[in-house]
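Read through the structures below before going on.
Two complexes, one shared chain (chain A), two partners (chain B, chain C).
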Partner chain A sequence: MDVILKGKYIIKCKIKAVTGLHIGEGNNSIEIGGIDNAVVKDAEGKPYIPGSSLKGKMRSLMEFAEGKVKDDLMVVAVKKGDKPEICIHMCDDKECPVCGLFGRNHGKHVTKKEFLKDPKAEGRDFSDAVIPTRLIVRDAKLIESSITDEMKENLDLEWTEVKFENNIDRITSKANPRQSERVPAGAEFSAEFVVNRYEVDGSDDGEKYLSKFIKAMKLLEDDYLGGQGSRGNGKVKFVDIEIFYKDSSDYEKDSNDLKPIATAPSLDQL
Partner chain B sequence: MATECFESRVYEIEVLTPTIIGGQDKIQSFEFVKDGDCLYFINFDRLFEENLFKESFIDELSRGLSGNLKDFNIRNVMTKYNIDFRRFSKYKLKLEGVQKLSREIVPFVKSAGRFYIPGSSFKGAIRSFVTKALKKDLIKHYEDCLNQKGKVDPQHLSSNADKKVFSSPNESPFKYLQISDSSFVNPDDVAVFEIKVMNICDGQVKWFAGVKEGKTNNVDKPEQSSSIVAEGIKPGVKIFGSMKVEKDFVDGNEVVSGLKEKIGINVLAASPAEFLAEVMRAVVKDYIQREINFYSKYNQAQIVSEYHKLLNILNSLEQNQFLIQIGFSTGYLSKTVGIFFTKTHFEKLKMIDQKSRIYPDLFPKTRRIIFKNGQVYTVPGWIKITIR
Partner chain C sequence: MGKGKLYRVLMHFTTPLHIGEKEKIYNITQTFAHSDMLMSGIINAYSLLYGNSSTNQLVESFLQKSLPFEISSTMPYVGNEFFVPKPIGLHLHLYKDRGIIEVEKDKEIKKVKFIREKDLLSNFPGKYRVAGSFLQPKDMLHKFGDSEKAPSLGKIKERARVSIDRLSSSSNIYYFSHFEFKDNAGLWFYLRINDQSLEDKVKAAIRLLGDEGLGGDRTCGLGSFKVNFEECSMPEENDRTKYYMSLSLVNPQSEDEIKSALYYEILTRSGYIYSKAGLGIKRKAVRAFAEGTVFSGKVCGRVVDVTPQNFSQHRVYCFGLAFLVPLPEGVMMIGN
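What follows is the complex of A and B.
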């Protein structure tokens, strides 16, 4: 397969937490003086949005929106004994918008359908269709000034709050309290995404994958990011969007004077 | 799959009766100053920061706070040092006909100091009301929990039934119901309300007046009873958020069984959001009717009239609207499947939950009522939802 890099679309924007945001740190370790269910933080102790969380969520939403969530189109990414634990879409269709934008892995993959028939199935190699991943998602850093002094006065921790919830027993009405840390609504993060534009076997991507990426952004705004999203957390909005295009020839020029090809205060105005 | 499956919709909450979503720690008397019919809630961080070097102020404040708080009046200390409490308040709230200000106030939940309704409270209330619409064979799972042998934790008594009815969170239809936190509520739209506990004793209405020598004291006159004071959103206020009711919530899929097959009501609605609204309207109608019967029996004309107003609103709702009762002081029946329980069930519950006062002949026998200017006013937590 002949792959030529034609250029890069660079999307810069802010991600605004419309409601509190909880992206868990994963190991749930409790430090002395720490709290249960902490959010992921960078080396400076500030919360951030990992590129992996953003990309994973966008991929998942696109899989549903592009009709790829079917047993014969999903591959088993993590298995637990004879049961498929985590499945994602991956295929060898060279025109697949999900694999094309979010990437494919080398190696052999077993579809969920094959796995359910035979957990020892060898699977197939999609290597013929593998090309460098088009979408790159950077970690999104907290914009400190978005957490105002007034908000800070009322926060439990330096940048975050502790939300208490109760699970109420439906027979006795006794409350089972739990707590989780979250970034307060109003916080903003600076985000950057790159969509590579390739020419594959003489066929130019053009703006196809940029359009698909914008679709993924819209899907995310209508869904949630991070944990506990079906009950309040994680509503986000992309604001102050700027899209740049860097042709591959631009990398040979001295000047970096790049002008955006599109700007908009929000996605619906793009 | 149609694009509209992925689109979230706007929900509008219109507060119909004072609504309180309780926050974590109670606000103590030294944390607010009463001035006329307003309470000013002190910002201690700013108070300390700006008056750190004021001679002996911090000492006096510390002495006061570490001593007997009953004798401590923060307003007097601030006045002595010529500090204006208004300048050092986070927010102020109006007292809505509160006659007996208790020493602590139930705070409304806040995010970074801002009032809002958490999506978790809203979704939890919807889930509680959905359980009231379950088919009889599913309700039986809850009844079966009362037959458990050995030591049972009352905090987790319904866990087995919850799992049998709705499955684990990964396989529950509720994963297809997304409800965001609400927009923030302006402090001008929040007030302080007074709540009293009505208790039916020997068929008569009494009012809870605290505990005397280990025994509950109930009195005839509400003015002699105890008050709970709480921050709540005023009736008439509208707030917004986003909500997604997916098709799989109703119909289910290979992994998740849909709500349609669990509901004992014949629902005609075409869209998932309207399905939810129709279920809620049916359940709430039954709930309100039962409450009207209860309050009528004990001659609570004002509350009966309040519930008739709610019933009239309910009967005039559109397909995309419903009512629900949410939050603090809304009682046992709003949060549980207890509406289906009989004396026999409560006898079993009494054995399991020995710490609670369960009276099998009449349970629950208390209700929390909002008072205004010393008179019975209304019941808390009723809101009207419109899904747009």
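What follows is the complex of A and C.
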């Protein structure tokens, strides 16, 4: 297989937390609805959005949107005894928009359907379809000025708020309170995404994967990021979007003067 | 050692970096990439830009020992100070006895891992002290604006990663550690270009590698860096040069080369293949002399074929060519 890089689409934008954002640090538990959670922070103690959270969420949403969440299209990623514990979509279809954009894993995979039939199934090797992953998602760093002095007055911690939550026993009314740390609504993060444009065995990707990626961004806006999203957390909006195209020949030059090929204040206007 | 144009390549990391499980990042020495890994990254980037056939040509010229370019391993820099690994066998206690190095406790000397390049190449003019794993001039502490103790490169952080089942939303958590460089610190390596016609292409590949990333978890935003090429020169060697130190991994090509290693450390290099044709297949393990190995003469090293059995798409090589610097006259080695 011959894969040549034609160029890179670099999408720079801000991610705005429309509601409080909670991405767990995972010291205790990271399960959705987990308790007493801190949020992830970088080495300077500032909260950020890990690239893996963004990428994982977008992949998951794309799988639903592209109709890939079916027993025969999902592979078992983690198994617990005879049960398929974690299943995600992965396939060897070279045209698959999800795998093409977000990447495939190497090695052998068992589909959920096969696994339910026979937990000892060997699985298939997808190697023929594996090429370098097109999408790179960088960590989104907090824009410090987005948390204003006025906001800071009302925050419990330097950059974040502490939200109290409660479980109440339906009969005895016994309370079981817990705390959860959140990045306050209004915080902004600077994000960068890269979509590689490849020429695989002579056929050029063109803008196919870029438009699929924009679809994934739109899906994310209407979903949530991080934990406790069904209870208000994690609504995000992409603002001040700039898309650059860096041709592979640009790498032979010293300077990096790129002009955006598209700009928009929000996704709807792109 | 070729006679081409020499560059100091500065890698300024814009995102955290994760380098393999075997180099679990617990301290500074394990935060840098060895020359074989760096070379494999450059070749992969080259192949993305220029396709299979011209990459095969490039690899072939390495195998024929007509080196189009040479690289060293990556080493740390802080501010404008460039560090190299301590030559194995450098007799620091002797330097202490002569009043060149000041320490409170003798065992501090054992911790020295990195020395400023210009100090080493001019055989320590001045007074020095040990700061963590660095050996540096006595009056240099303020330069890094750090605490009293030692210049620091950055911090190790652990990130929690989770995979979630699409239907039941049950989660599986795992941890990934990474290294976050401070703004004024990063890694650098030597690049010597012997074939001028390839200069632009090699530089392009390194710039692309910066965008693609080095190390693990690249598609989730780790390991990308900005590059800066600084032209530089290396001290001329002369007839009295007794020792050569390697700044890269060296896989000796003959028995003579093995015998010329005076002070050495041996590393086992293993890992997985990363290429368009194969991912996650284990390559054969090889041993190599580590950075800092001191040779009594010039060695060349070799590129080793580590293609695993039953893997036929392409050959897999481990880069083990030497990048040597001559140590200055009068450098004091153990037992000499």
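Note that in this section the second predicted complex is superposed on the first by the 259 of 270 C-alpha atoms of A that agree within 3 Å, B and C clash if a C-alpha of one lies under 4 Å from a C-alpha of the other, contacts with A are read in each partner's own complex, and residues count from 1 in each chain.
Assume a contact is a pair of C-beta atoms (placed from the backbone, for glycine too) under 8 Å apart; a residue touches a chain by one contact, two chains touch by 3 or more.
Fair warning: this is a prediction, and the values are worked out from it, not measured in the lab.
In the three-chain model built by superposing on chain A, chain B fits alongside chain C with no clash.
Considering which of chain B and chain C touches more of chain A, the answer is C.
Within the superposed three-chain model, A:Ser145 lies out of touch with both chain B and chain C [touch as defined at top]. Touch criterion met: A:Ile171 reaches chain B, while chain C stays clear of it. In the superposition on chain A, A:Ala185 makes contact with chain B only, not with chain C.
In the superposed pair of complexes, A:Tyr251 makes contact with chain C only, with no contact to chain B.
When both complexes are overlaid on chain A, the residue A:Val18 reaches chain B alone and has no touch with chain C.
Legend: residue contacts after superposition of the two complexes on their common chain; A:Phe64 is shown touching both chain B and chain C. Residue contacts after overlaying the shared chain place A:Asn233 against chain B, while chain C stays out of touching range. After overlaying the two complexes on the shared chain, residue contacts for A:Lys55 are found with chain C alone; chain B is out of touch. In the superposition on chain A, A:Asp223 makes contact with chain B only, while chain C stays out of contact range.
Shortest separation of chain B and chain C in the overlay equals 5 Å (C-alpha atoms, whole Å).
64 are the residues of chain A that lie in the contact sets of both chain B and chain C, per the superposition on chain A. Contacts from chain C toward chain A in the complex involve residues 14-16, 48-52, 154-155, 157, 159-167, 169-173, 175-176, 180, 200-201, 203-205, 207-208, 211-213, 217-222, 224, 276-281. For chain A in complex with chain B, the residues that touch the partner chain are 18-20, 61, 64-65, 67, 147, 150-155, 161, 163-165, 168-176, 184-186, 219, 222-224, 228-233, 235. Taken in their complex, chain A has these residues touching chain C: 1-5, 8, 24-27, 29-32, 40, 42-43, 50-52, 55-56, 60, 63-64, 69, 74, 77-78, 85-89, 102-103, 105-107, 127, 130-133, 135-139, 194, 246, 248, 251-252.
Put simply, chain B touches chain A in their complex at residues 1, 3, 6-8, 23-24, 43, 45-46, 90, 110-114, 116, 118-120, 122-124, 128, 131, 142, 145-146, 154-159, 161-162, 174-175, 177-181, 184, 241-242, 244, 332, 335-338, 349, 352-353, 356.
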